[in-house]
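Both of the next two complexes hold subunit A, though its partner changes from subunit B to subunit C.
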Partner chain A sequence: MMAHASVGLWGLAWRRLRADRVAMASLAVVMAFLLMLVLSASGLIVADWEDEVGVNYAPPGFVGAGPVAAVVAPVAPLALPDNPFDPLADDIRALRTPVLDMYGVADPLADDLAALGASGVAAAGAGKRATLPFGADKWGHDIIKKTIKGGETSIVVGLVAAFIAVGLGTLFGALSGYCGGAVDDFFNWFYSIFTAIPSVLMILAVAAVLQQKGVVTIVLILGLTGWTGPYRLIRAEYIKHKAREYVLAADAIGASHWRRMFAHIFPNVSHVALVQMSILVVGFIKAEVILSFLGFGVPVGVVSWGSMLNEAQNELILGRWWQLTAAAIAMALLVTAFSLFTDALRDALDPKVK
Partner chain B sequence: MNNLLEVSNLRIAFRVDRKTTAEAVKGISFVVPRNATVALVGESGSGKSVSSLAVMGLLPPDTTIIDPASSIRFDGREILTMSAAERRAMCGKDVAMIFQEPMSSLNPVFTVGAQIAEVLRLHMNMSKAQARRRTLELLEEVGIPDPANKIDAYPSQMSGGQQQRVMIAMAIACEPKLLIADEPTTALDVTIQKQIMELIADLQKRRAMAVLFITHDLGLVAEIADHVIVMRHGEVREAGTASQVFGQPADPYTKALLHCRPSLDARPWRLPVIADYLAAPDARRHAGGDIAEGQGVKLLHPLERQRGSAPDDQPVLVVRNLSKSFHLRDGWFGKREFKAVKDVSFTLARGKTLGVVGESGSGKTTVGLTLLRLHQASGGSAMFEGRDLIGMSAREFQGYKRRIQIIFQNPYASLNPRFTVGEILLEPMRIHRIGADDRERTAAAYLLLEKVGLPASAFQRYPHEFSGGQRQRIAIARCLTMKPEILVCDESVSALDVSVQAQVLNLLQDLQDEFGLSYIFISHDLSVVKYIADQVMVMHQGAVVELADSDQLYRNPQHAYTRALLSAIPRHG
Partner chain C sequence: MFASQFTFIVRRLWQMLPTMLGVVLLVFFLFNWVGGDPAYILAGKMANADSIANIRHQLGVDQPYYMQLWIFIKQILTFDFGLSWATGEPVSNIIATRLGPSLTVLIPLTVLETVIGIALALAVAFVRGSLTDRVVMIACTVGMSVSILVYIIVFQYGLAYKLGWFPVQGWGSGFWENLLRYSTLPIVIGLAVSIAPTLRLFRSFVLDEAGQDYVRTARAKGLGERRVMWVHVLRNAAIPIITYVMSNLPALLIGAFLLERFFGIPGIGREVILAVERSDFPVIKAITVYVAAATMLFNLLTDLMYQAVDPRVQLT
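Let's look at the complex of A and B:
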């Protein structure tokens, strides 16, 4: 026993985690996303995501420009047989101009477009690519770059909001569980009010108070409404731990209440907070999408997975599925990896094992 | 076929992780004859429970590796190669088991009657009415008072002793040929322990079944066992008839187990420890030639320690009318007062030990916690240097905390698992500003580690890396950092193995000799208290029933309750 180097409980948890292949694989995926986040936030990659490198709605390279381009290209006007008895036939024939749009209807701006084309504006469009590796959006932004950039916002929102929620939940839960009595009653009352209001209403209320759209607002909304779950669990843990002998022993040696709460008990319940945090990160990334849908999402000009999915709603009926797919795949990958990692983390940190 | 159970060459290992395994049982063989009681004795980690669980097939299948050469034959049939269904049919019917903790073995949401009846209906194909009739008979047989009423009681409405009786009733319901009892009395009070032991012995005779009794306490089985098997570290150290093992133990480890436990008749200067016996040949030669083991140890410490109060004792703590009530909620609005401690008065002399004995619920632990103000007292006083520790403000008491300290029962629970031993030792010194800086405190901590017999390398380690005895030493060292004058030992050696218990008791004794500490030694174990205490206070239902010098109390108990306690101590030899 005395031979090997000393490892603490965290060290042991890490060892158990290392032995778990699923945990390691999911951790690798999460780390890859975080690396991507750091690189894009520092401008090392995808700084040029707003360049309009492709034609509008350029399809993914593996689909090819063919079928979609065919839809976009003007089609020949329908050659309707003349009706010899139509009294208006002559007028119709007169109205038919050589410039018709794809539905065979006369384009009143055709002359202007032709003029523009002649002046060279359309030449800029000529340099754009017809296909991109995973397609382009309405403005011709590369979807891959947009997804990476969008991940930056989504992951930051998820992480920061989860941090705030767990921080509040832990502080309230610790005070409530440790002090008991009137303090506990107060926080329980506060908690009951918070959970009695449906969460969407709650979010709308906070949004109405904050009065402005932005990433900070979303983080605050989610953080301020999300503390209830961690609070309940941390409070229960503190109630359990405050009667444990090691806390009594800390009392006996003269440790202050504050010290007992945070130096002694907290490290023993921190696994609960950690697991809660990673569960909330997943939940908040998804919540950001819902908020965007409700119109409380990120402002125009900021891209997130939520805003991408929001845009995709309108594109889908036109058959442009790639933006939806890219955002959904990225989100599903991160959320699944994070959830699997959370599960493994909970198993590894379970102090009952030792 | 005379043997009911034949275990041969049983070898069990556990998978720790993908590469390493830990061998728990290293090729043991033993037999349980029909109609006999066999005791499997060993300390924690000896593999005794693992062996019995293997018989029942209760080991976790995904981490257990049973060597293919192992064999467990029950009634002539090989158990290890049986199918799961065959095995299930056998367990509970032919082989039954009772466990240490009756409270956690019974399902709290079913009545005890329903739980016993379930076994009967499963294995004996009884109808509901038949099963209930039989359950009543069984409850009667295991000595539950008023079985007609208790059959519909829930486990929580019964005392620990009654719960264990229910467990036994369930185990014998299908008339098993073999009853495995795994530490069935360890969680019970000493008077209840005696009753349960008598019940098991009685049932064994009446029903002509075999009993495999597993315990860490060699003394406990002296009265009921026909054969004794002593195990250590997964090996059988000694096996033989009870009279042989207790009369002429051949193995030094068995001798050590017999002598490490303090006995009521002698009070050696130091308790012998296992090392005295196992490190044997050299030590004995030192002691003088060819004297036999056991005797050699006695010769090493020829003096008997004298205990008792003396007229010139200086009182260090004078407790008067200490009481503590808890308010329990009764119904929606009602409150019920429960008096845990009622007007307890005593005087603790400097450098002496006051033993506090009593059964669970007697309030002995509450006395200790109240004195340290870990519980708020309801009344009374505790005078220390002319100041009342109970009456002073919390701020004032902070200064006294370092002078009165406590060592808890469970060294697994009383050390913060996230702190290194170094942090555990430095914390009290930092709080009370003992020592000029951390360098000085660290030096003091290393000295204390040495004092309590731990290596210096312990400083950077975490509590989970240590055994129970070592952890209790860490807890003692933590108290010593503050150089307390009074040390409350709340069941401090009760959770430890017999051999480790002797080491810790010796350590406490050495520290008292060296620093003149005063102890309040709380324990349910009367032999230990007899060994360590100068005065003994007997508590029953929150009140003191007797307070006397220890020799006098054990020789001539005045109160009926004290006599009942003393008569329940298992004796051997």
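Let's look at the complex of A and C:
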């Protein structure tokens, strides 16, 4: 009967987490991000993020439209002194004056453009808003919606890649630690190869080889290169557990090796895998942002926090800081909460380690 | 003593061989097998069957895989990887000339990071468990959570572009000019990014030692807390600190690629990025193999340094 079952590892860990206020606050933040992810992935919110609701680079509402208008204010036409001896001076002046645009460049198509503008192409921008709650990007997309959509990509990449990496690490570590002998030697050799190459270089090398860009590619790159950390810890756990009495008892009742490895031992070491996964998610979200920033990550047309930072880098020089700020804060908030929760989770699951 | 060290080094070098062979096989598998036929990229838009066959022959990719692997191993041993596919510059020349700028930034960065990290870790460990300690640790977590890209973009914009304290980017020809003028801001940013994780790690190393019996003994015999921390604890925490700093050095060579890219520093990391962008396989292959070899050699060097720091350590 379950009524008298003692509180297990997970129950105890949950009690410790409940008592830790920082852990609960960070868990709430992480959950909020995950909820946002589920809602945006299912199309319930921000499905319309690609609507060009604002004018180009519309500033945030709390800044107002003022200071930015000044940035794109017309530049005064170049006032070159006239050459009094130039026989063509009058003609040049006549040519130059009417068609100078705001950059001081004579535009041969100025008349055509004016005609086009009058005919209503420019009027398409009329319904757009001059300011948005947190501004707009180059095309007039709402930054808040774009940040939520970008977070969807970054978080999904982090979660799936971490799941693959921990899955591989657990499988290899279980085989290596449980079987020992030649299997152990083989996987240790494999491990030494992957740790001899710094992970950044490994990721870039794989990115160079896999030509097509895409969310799946980046997930594979991170997932296939990140298994070494979980492998080392899971292997150590399996070596510790395989000689324990409960495993010998499982052997005695005729459980197969496979069953002993994954039905009997794994539940007892799964907390290690969980903490490793939590650590990797944080690392992979950061890595995805850098890869996408460099253009090795998500393809054009897919928005992630990395591609937002890439756009924002050039906008900052023009004084348009909102896209940078939005992506940076959203990412920092999630990663901080996730890291704090990971620390608390590790302490709660393994109280001996401080 | 000397003889035992010598046999230790020889044995460790011998043990590296299978790993090194594995690295070579992995790189070969990635670039010669997964990477596919480079001739179509290189031949460009005006390719015809003849020019592609010609390029394949020049690169040796028309030969069987075991011959290609043998060519690759010969290239590694003779330090001759041929020419870059993108620029035609000899790969050995690329590595030799890009190493200097990378080290100009990385050596001061590593030294400053380690010294500041140790000082802060001891200071925080001094007040361990207090509110200050907890606040500093949470501040570190927040600091680590901001993307390195944001640090670089904001610092470069604010300190170099807006305030004009540093050049926005560039690289000169003189060593002192490069170190004092062009490397300062990258080093400052590198410190800002790395000090939080370093401090967290060093603090845990110091705290591991602070609970040991010899610390209680030192306090019991009346030594001041300052002396206990700086002399007794630091000496013992040195082993994990050395391991961390030393084993991180080769990775740092690549890890600084963002700094090098943003500040136009012609270093190894920037070269890797350029090579990935241009599918310049010989450059990436060469750098990967040599950085892996450097990583293994540094691990050996770390083990040797253990013994210098702590004579109790037995080299086995």
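Here is the rule we go by: the second predicted complex is superposed on the first by the 301 of 354 C-alpha atoms of A that agree within 3 Å, B and C clash if a C-alpha of one lies under 4 Å from a C-alpha of the other, contacts with A are read in each partner's own complex, and residues count from 1 in each chain.
In this section, a residue touches a chain if its C-beta (ideal position, glycine included) is under 8 Å from a C-beta of that chain, and two chains touch if they have at least 3 such contacts.
Owing to the predicted nature of the structure, the values given are computational and were not obtained by experimental measurement.
Q: After lining up the shared chain so the two structures overlap, which partner does A:Pro267 touch, if you call subunit B first and subunit C second: first, second, both or neither?
A: first
Q: May I ask you to decide whether A:Ala19 touches subunit B, subunit C, both, or neither, giving the answer as first, second, both or neither?
A: first
Q: Tell me the contact category for A:Leu294 with respect to subunit B and subunit C: first, second, both or neither.
A: second
Q: Is the number of subunit A residues in contact higher for subunit B or for subunit C?
A: Tallying touched residues of subunit A, the top partner is C.
Q: Figure out whether A:Leu248 sits in contact with subunit B (first) or subunit C (second), or with both, or with neither.
A: In the superposed model, A:Leu248 contacts subunit B only, not subunit C.
Q: State whether A:Ser192 touches subunit B only (first), subunit C only (second), both chains, or neither.
A: Only subunit C; A:Ser192 stays clear of subunit B.
Q: State whether A:Leu340 touches subunit B only (first), subunit C only (second), both chains, or neither.
A: So A:Leu340 only meets subunit C here.
Q: Which partner chains sit in contact with A:Leu316 here, subunit B, subunit C, both or neither? Use first/second/both/neither.
A: second
Q: Just to be sure I follow: which residues of subunit A are touched by subunit B in one complex and then by subunit C in the other one?
A: Residues 354 of subunit A touch both subunit B and subunit C.
Q: If we count contacts the way the header does, which residues on subunit C are in touch with subunit A in the complex?
A: Residue list for subunit C touching subunit A: 18-20, 22-23, 26-27, 30-31, 34-36, 138, 141-142, 144-150, 153-154, 157, 161, 207, 250-251, 254-255, 257-258, 261, 272-273, 275-277, 279, 281, 284, 287-288, 291-292, 295-296.
Q: Considering the complex alone, what residue numbers of subunit B touch subunit A?
A: Touching subunit A from subunit B are residues 17-18, 369, 372, 374, 398, 401-402, 405-406, 408-410, 413-418, 420, 427-428, 431-432, 455, 457, 460-462, 464-466, 475, 478, 482.
Q: If we count contacts the way the header does, which residues on subunit A are in touch with subunit C in the complex?
A: Residues in contact with subunit C: 22, 189-190, 192-193, 195-202, 204-211, 286, 289-290, 293-296, 305-306, 309, 312-313, 316-317, 324, 328, 331-336, 339-340, 343, 354.
Q: With touch defined as at the start, can you tell me which subunit A residues reach subunit B in the complex?
A: Touch residues, subunit A against subunit B: 1-2, 6-9, 15, 19, 244-246, 248-255, 259, 264, 267-268, 351, 354.
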